[in-house]
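Questions regarding the structure given below will be posed in turn.
The letters A, B and C name the chains in turn, as written, and every chain counts its residues from 1.
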Amino acid sequence: MLKFIGRRAAFAAMTILIVSAVVFMIFSFLPFDPASLTCGQRCTDQIVEANRVRLGFDKPIYEQYWLFLSGIFAGRTYGAGSAAFTCPAPSFGYSFNENACVTDMIREALPITISLAIGALIMWLIVGIGLGIIAAKFKNRWPDTSSSVFVLLATSLPTFVTGLALLIWVTIKWKLVPLSLSGYTSLIDNPFKFMQYFILPWITLAIAYAAIYTRFTRAALLETLGEDYIRTARAKGVGERVVFFKHTLRAVLAPLITLAGLDFAGLIGGAIITETIFNLPGLGRLTLRSVYEFDLAVVLATTILAAVVVIVMNLIVDMLYAVLDPRVRIV
Amino acid sequence: MSEAILKIENLVKHFPTGKGKRGEKEVVKAVDGISFELKAGETIGLVGESGCGKTTAGRTILKLVEPTSGKIIFEDKDITDYSSSKMRAIRAQMQIIFQDPYSALNPRQTIGKIISAPFEIQGITPQEGTKGAVQNLMARVGLNPEHYNRYPHEFSGGQRQRIGIARAIALKPRFIVADEPVSALDVSIQAQVINLLEDLQEEEKISMVFIAHDLSVVQHISDRVAVMYLGKMMEIAATADLYAKPRHPYTTALLSAVPLPDPRSERTREHIILTGDLPSPINPPAGCVFNTRCWKAQDKCRTDVPQLVQLGASQVACHFPEN
Amino acid sequence: MTELLRIEDLHVSFKTDDGMVRAVDGVSLTLNAGETVAIVGESGSGKTVTSLSVMGLHKKGQAEISGSISLSDHGTFKDVVHLSDDEIRDIRGRAVAMIFQDPMSSLHPYYKIGSQLAEGYLVHNRGKKKEAMARALEMLDLVGIPEPAKRAQEFPHQFSGGMRQRVMIAMALMNSPQILIADEPTTALDVTVQAQILALLSKLKKEFNMGILLITHDLGVVAQVADRVNVMYAGRIVEEGPVDDIFYSPLAPYTLGLLKSVPRVSKNNERLKAIPGQPPSLINLPVGCPFAPRCEYKQHSSEAGCNTTRPALLGTSSTHRSRCHVPEKLRHELFAKELKEVQG
């Protein structure tokens, strides 16, 4: 097992390195001059050239990449003398637009996105799997029909519609949740405020995903119920409830976890629409803003981060799969 | 005897598993050096249990999978290293019939389209027109030509196998590999399909490699029978000889294991019951591959690989042959 | 002879989009302790549906079942057709156990062999975990699995096909059932492995005086292990009798047709005598004898009723009965001659 993890981790590290190199290359071949982008309204050639040197854009691309990589481990100082600006390790670059280290910007945005993703994940897993189980158990009866109505509605409504609807009704009309103006509070500091802050974004995201999970769980359960080994369990005299909740559900678990892991990874990359609607300063919003403002250092960092999360989640899912499914050979 | 249409020399097909210990490449020895000749109009039955390599052998002979080594000589041409474009011209002469009549036909194509595919691929327009040719073929294999525009799901298993056969004989091939063509069919339907194959073969003088695990079916249809075990050829003999006087202990055991539809003889017959399971084709036993399950095995069998040698009318690979 | 199972006038139909499928249409049969009774037939003949009915394994609401299946629960007879779900569950795996065609897919891929075996015991003996495990090891040993303690800790995918069928048999034996239903137990196995499994089943039958209901399409297997045979066609038993009667003096044209169409190892390369045509659709059965469209002996029927009335299951002998409008004496003569040709 350890050997398996080690090998896979090394493989993941390689993939991340390649991905980062490719992303870096793409960004340096973009048809803009990165140095002139760093320059504000009163721009002179002099400032552009100074910034170019300061940010290292004057160096050849492989050297830039090397500086970027070494910055992650050793930190990086931009410019020299009194104008020098140091981003300590791990440094993912320097945003000239915000005049801040990219790492700090991500550090601020990440907890929000993670809180958003984890809360939504828990919610949609409970709702989606729960509804899926109910739908499968009462196949073709009213609970199944109602759940399929939910699935249909939730998959056809885009998140900006459900999100805005929630915001308008729950917050503005019914005033059940206050419009949060105070900003993000961490779970530890004030759990109540934390919940208030996130409850609507969670519901917005969870509705969309829960529909997919309801459908997936139902289909997987019904398929498994038709398997020969389920018939074997019945032939042993095992009761219907045990057949369903032990034998059948167990077989559905592994694919469900795969799906959840990958969806979760996708969300960490940024739930751009939800974050925008609810004004959450998470990674999605950060990326969006950087794209608008051509803040290339930030876009580069968030893109690589998204890739890293997907790769790492893949690794975790594979490991979980190996634990859950004895047929998966660990070599 | 007429001339050989197909010569297989020391054919090997190893599939890498993608695993294995440092440096060593782990391979599944699916086919591990088989040789035989097929004469024009002859049927060779290829028998063995699952995992013995008979299906891989069939596909490698047709170059549907690339052989690892060895030689395939078809009508005096060494086709072993033929490229796929060079193979196309020869494909018309070599066809395959698959086991599962349910999955081997495209469900979205009409029967007419399925059977005419070989004409299209080879760019041939038959004299009587493609539709006429297809309907003639359908009639030949016992299908109603009026069902030209129907889809596979409208046919039963036996009828689908007839469709597969019609497709295979469309270009008047000289050689057919039939891979378990009747295993998925019920007994009464199986007999119909076997009869059809025999008739066609006689009329068209097609040579055939008939792959099956059912020894009674193989005996019925084959002129000679080749027995495989773990990728190796154990014995080849004329059908009558092999069934009357099996030389290899494995052949003996196989024949003995088949229950006969004859209760009285079943009550008196001794069944040789082989112990244990088939060893892994990744690590086949040293020496004779059958030695781990053979009741006659001696020290020599565990070290020396027996070669296929002539013994009476049979060829057998055994240090201590029977009879 | 102790009777263990008596099926009387069993009807099973399924609702489908195309109409009612009459899968089993008036089947009656018995099974005694210490004997193997075979149900032979081709796909769609109703043999598997019959066996699943004995286990009460049809889904509620999908199958319509009538008739009676009287089953001995260690001496007390219970009618499976009319039991409640809980009562059937109590019988399953304890009074009657079943093994299936495909041992590859019949074991749960995620649970260890030992716990899958023990579960069958625990269902009927609550809380006796230690006993269940000990019993599991004992049964694994009994069916010829070496190192049972070690193998019990392994998963199904670590077993070969033959070994898995042994595991299935061990599982079936966990509660010492009197009746074992074996549905095509060797069809998915190689012939040498089939020989092992058939030998094992015979040994166990003798040892525990079980009654085995064997479902198969393979006449060779029937000849090797069955004492009595029921031949099914289109949902009905067309012939029943002791194994020798069925093989050496068949009375139903379908049985004869089957016997003629099997390729025989001892026979030379004669053309096979196939039954022409195909089995009828179970949704639209012909009004007369379901086999009539494929039957070569219609012209011998004095009543010419083959196309209008269904023949009853009758026979001059009380043990050997068949369905056919052709007079039995005439069939005897005709069939004996034909059979001689193929059996030599």
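Note that contacts are C-beta pairs under 8 Å (C-beta built on N, C-alpha and C of every residue); 3 or more make two chains touch, one makes a residue touch a chain.
Predicted model only: the values in this text are computed from it and were never measured.
Taken pairwise by the contact criterion, the protein chains link up end to end in a single open path, with no chain closing the loop.
When C-beta pairs in contact are tallied for each pair of chains, B-C comes out on top. One simple way to say how far apart two chains are is to compare their mean CA positions; for chain B and chain C this gives 31 Å. Taking each chain's centre as the average of its CA atoms, chain A and chain C sit 55 Å apart.
The geometric centre of chain A is 53 Å away from that of chain B, both derived from CA atoms.
Counting partner chains per residue, chain B has no residue touching two or more of them. Those residues of chain B that touch chain C in the shared complex are 49-50, 156, 158-159, 186-192, 194-195, 198, 213-217, 219-221, 239-240, 243, 253-264, 266, 271-274, 277-278. If you check the complex, the residues on chain A that touch chain C are 227-229, 231-240, 247, 250-251, 324-327. Looking at the complex, you find that chain C touches chain A at residues 55, 57, 85, 89-94, 97-98, 100, 102, 105-111, 119-120, 123-124, 155, 157, 168, 171, 174.
Listing the residues of chain C that touch chain B in their complex gives 42-43, 160-163, 190-196, 198-199, 217-224, 226, 243-244, 247-248, 257-259, 261-269, 271-276, 278-279, 343.
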